[in-house]
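Quick one: the structure is below, and I'll ask about it shortly.
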Amino acid sequence: MTETEPPDRRRRISLRTSRMEALSDGIFAIAATLLVLDLTIPAVTSRDVGHQLAMQWPTYVAYMVSFATIGTAWLNHSVITEYLDRADAILLRLNLALLFFVSVLPFPTHMLAEYLSNEGAERIAVTVYGLNLLAISGFIAIVWHYALWQRLVTKDNSEADVRALTTKLDPSLASYAVVIGIGLWRPGIAVALYFAIALFLFIPFRTVLREARSRRRS
Amino acid sequence: MTETEPPDRRRRISLRTSRMEALSDGIFAIAATLLVLDLTIPAVTSRDVGHQLAMQWPTYVAYMVSFATIGTAWLNHSVITEYLDRADAILLRLNLALLFFVSVLPFPTHMLAEYLSNEGAERIAVTVYGLNLLAISGFIAIVWHYALWQRLVTKDNSEADVRALTTKLDPSLASYAVVIGIGLWRPGIAVALYFAIALFLFIPFRTVLREARSRRRS
Amino acid sequence: MTETEPPDRRRRISLRTSRMEALSDGIFAIAATLLVLDLTIPAVTSRDVGHQLAMQWPTYVAYMVSFATIGTAWLNHSVITEYLDRADAILLRLNLALLFFVSVLPFPTHMLAEYLSNEGAERIAVTVYGLNLLAISGFIAIVWHYALWQRLVTKDNSEADVRALTTKLDPSLASYAVVIGIGLWRPGIAVALYFAIALFLFIPFRTVLREARSRRRS
Amino acid sequence: MTETEPPDRRRRISLRTSRMEALSDGIFAIAATLLVLDLTIPAVTSRDVGHQLAMQWPTYVAYMVSFATIGTAWLNHSVITEYLDRADAILLRLNLALLFFVSVLPFPTHMLAEYLSNEGAERIAVTVYGLNLLAISGFIAIVWHYALWQRLVTKDNSEADVRALTTKLDPSLASYAVVIGIGLWRPGIAVALYFAIALFLFIPFRTVLREARSRRRS
């Protein structure tokens, strides 16, 4: 379909993708950086500031899980926009819905850090946090599947590449759903698992293997 | 007019549009993300944190209306810049006036969330909020009409496209003006209507219809 | 000099300008938007919230002067980068020094809003504020004169264009210096004059005249 | 390797670099600007606001060291991305790890400003701060060495250019490590040395010399 369009129309549409990328990069960057405002400094009433800083470990864990989650969401988002040839009105709105859940993440992160040692509140915080992570992953998958369905991706990608990204996005959805269930019962374990998922998504096992293989070949 | 200019002058002018877009994307992204700082965490004095979180519903409503309004303003703004061929000194300043009202939106949003259950203050908050939404819509319409008047848009757009955008921008102005009036009398209803307008602008009825029609044809 | 360089070197250098523009747009956008965090909401202890909001007028004045100043600084900066053909290591650092004074502006703005009704503190706040505005204008002029001196601007600009920008940047420096002097003696008048300067720089008298003239000719 | 790839693959890969640059510029800009939130205004209880503002000097020192450090990190980062021809999955993640330490810098900066006059806390703050500066420098060096190792840099750079950047990045690592050691023993001196390193990295001695030499030749 793209080939038959006049050249100028293509330029206009690629420009639309550029602003979608710019807004997304802005919101990813701000959400990731605003997290730091939750890291508060204990007052120096006593001498053991070091101890008090160490006692704030739930804040640091929440910070790191959220940063890693935003980081991996950005990585997946940037892979999607590389395949994107153009955007349409619905894709832009699905992307805004994704950005809504990215920009709101500092709120459950703050909640998690605050409530992590309180039994009743902890369960609520961990569940809200998990639902937010699920929504981010879910809307990334929706944006990707919508783009495939509407053929907004470039044609020159191999089927293998497209399938690889699809098989990468969908399992993380299932794992978040499972961990939300675990969190209702054992909130502490759920936090550890969210950290594990973030690390697993962050470390590029697949790429390391592929690089090693292509290196051996050449 | 553009065709007779030397090639380098065109490059320079398109660059000017790119910085206007970059600043705009930055301010839209930051205003949308700063809204999250208003979502505060109730202290865990009692066990019913869930109840206290639920009682904060005005904050969540204000957050969602503001995010959706900034989102739709960005959508309209990105459509305008796609038609823009170049900018002039007045357009850049009209755009800065628009960005002023975008960047100030977290203030009436915070006011709305804080005053929504208080009778006297609620009316002021809803009115100030409505005036801010009106100013955002108004300056988007002004930027668009100025660009049309000064022929800063690309020539290759069909008349139909340009008219479509115009007929989309102007009615939202009228509806905001009406709801401000309603808000003076019934503030609660006005908030519900602002939410309805944001949702109506966000869901792309027109595009869904056009897509369906073009699909049937091919 | 640029014509004799290999094509790839030119690409690399123009890319350097693009990152300088991106960082600058980011810092201008964030500094302008962070100002909103100073607009605080009075508590609803009494009924007269409207009166209390109106009493906060120094905050609104400080907000508007700072936003307009950042806006005009951005306008001048974007004109400079349009003339720029490439950057060098010193220009990037002079630009960072400019961005330092842009990013620090929310601090004296907050000071001005807080101290504006207090006699002793007001003088300090107005002076610090004025020095910050002077530093922003000063570094914009330094960046521009350095770029001219090192011939980092594109060759195809008419002498008239370059002189026009120079004669626009330098007078604002002198006016800030004068107003800082006035502020030591009459702080209130200085604030009004900063507002007047910002408005005068914001409204494009020169362009309106030129547009009118070119319109009459064609 | 790049020459043998199909043209479209090159375009897709260069696009990936553009989003990595956009996110990086965003996080550098926000981290640098969020620092201003630490500059608090003393209350006007007494007349000597000027004295109280002057007493806040540790806050200003911390602000300036952090801004200069983020500025020089951005300068080095922008030089690296100019040499970069394309990114791979591991480079993007190493860059995210760098951005993590950039975005967290406002936390130890706040700690340093708060604890600088308190004997016990000062040592902890200076050490944590130094480790953060070391991590930023370290990950910039890692990103650069990884890009060289994987041949992600453009081929047309002279060996001399590449070596020049390498010899510039590595010594700052060593100096941070030494100053962390000094800080355990004399925290105040370490802060002065961090300021000296930031200034030394900020002032472009090498470029000034090279410019002078090339000027003499022509």
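Chains here go by letter, A, B, C and D, matching the order in which they are written, and residues are numbered from 1 within each.
The criterion applied here is as follows: a contact is a pair of C-beta atoms (placed from the backbone, for glycine too) under 8 Å apart; a residue touches a chain by one contact, two chains touch by 3 or more.
Note that the coordinates shown come from a computational prediction; the quantities given were computed from them, not determined experimentally.
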- request: Could you work out how far chain C has to rotate to sit on chain D, using CA atoms and steps of 5 degrees?
  value: 90
Task: Sort the other chains by how far their Cα centres are from that of chain B and give me the top one.
output: D
Chain copies touching (chain A, chain D) - same or different residues, decided at half shared: different
Query: What is the distance in Å between the mean C-alpha positions of chain A and chain B?
result: 25
Message: I'd like the Å distance between the centres of chain B and chain D, where a centre is the mean of that chain's Cα atoms.
response: 36
- line: Check: chain D positions touching at least 2 other chains come out as 22, 26, 29-30, 34, 37
- prompt: Where on chain B is chain C touching in the complex?
  reply: 6, 8-9, 12, 15-16, 19-20, 22-23, 26-27, 29-31, 34, 37, 88-90, 92-93, 96, 99-100, 103-104, 106-107, 110-111, 114-115, 118, 120-121, 124
Query: Inside the complex, what are the residues of chain B that reach chain A?
result: 21-22, 25-26, 28-30, 32-37, 39, 41, 44, 47, 49-50, 53, 63, 67, 71, 74-75, 78, 81-82, 154, 156, 202-204, 206-208, 211
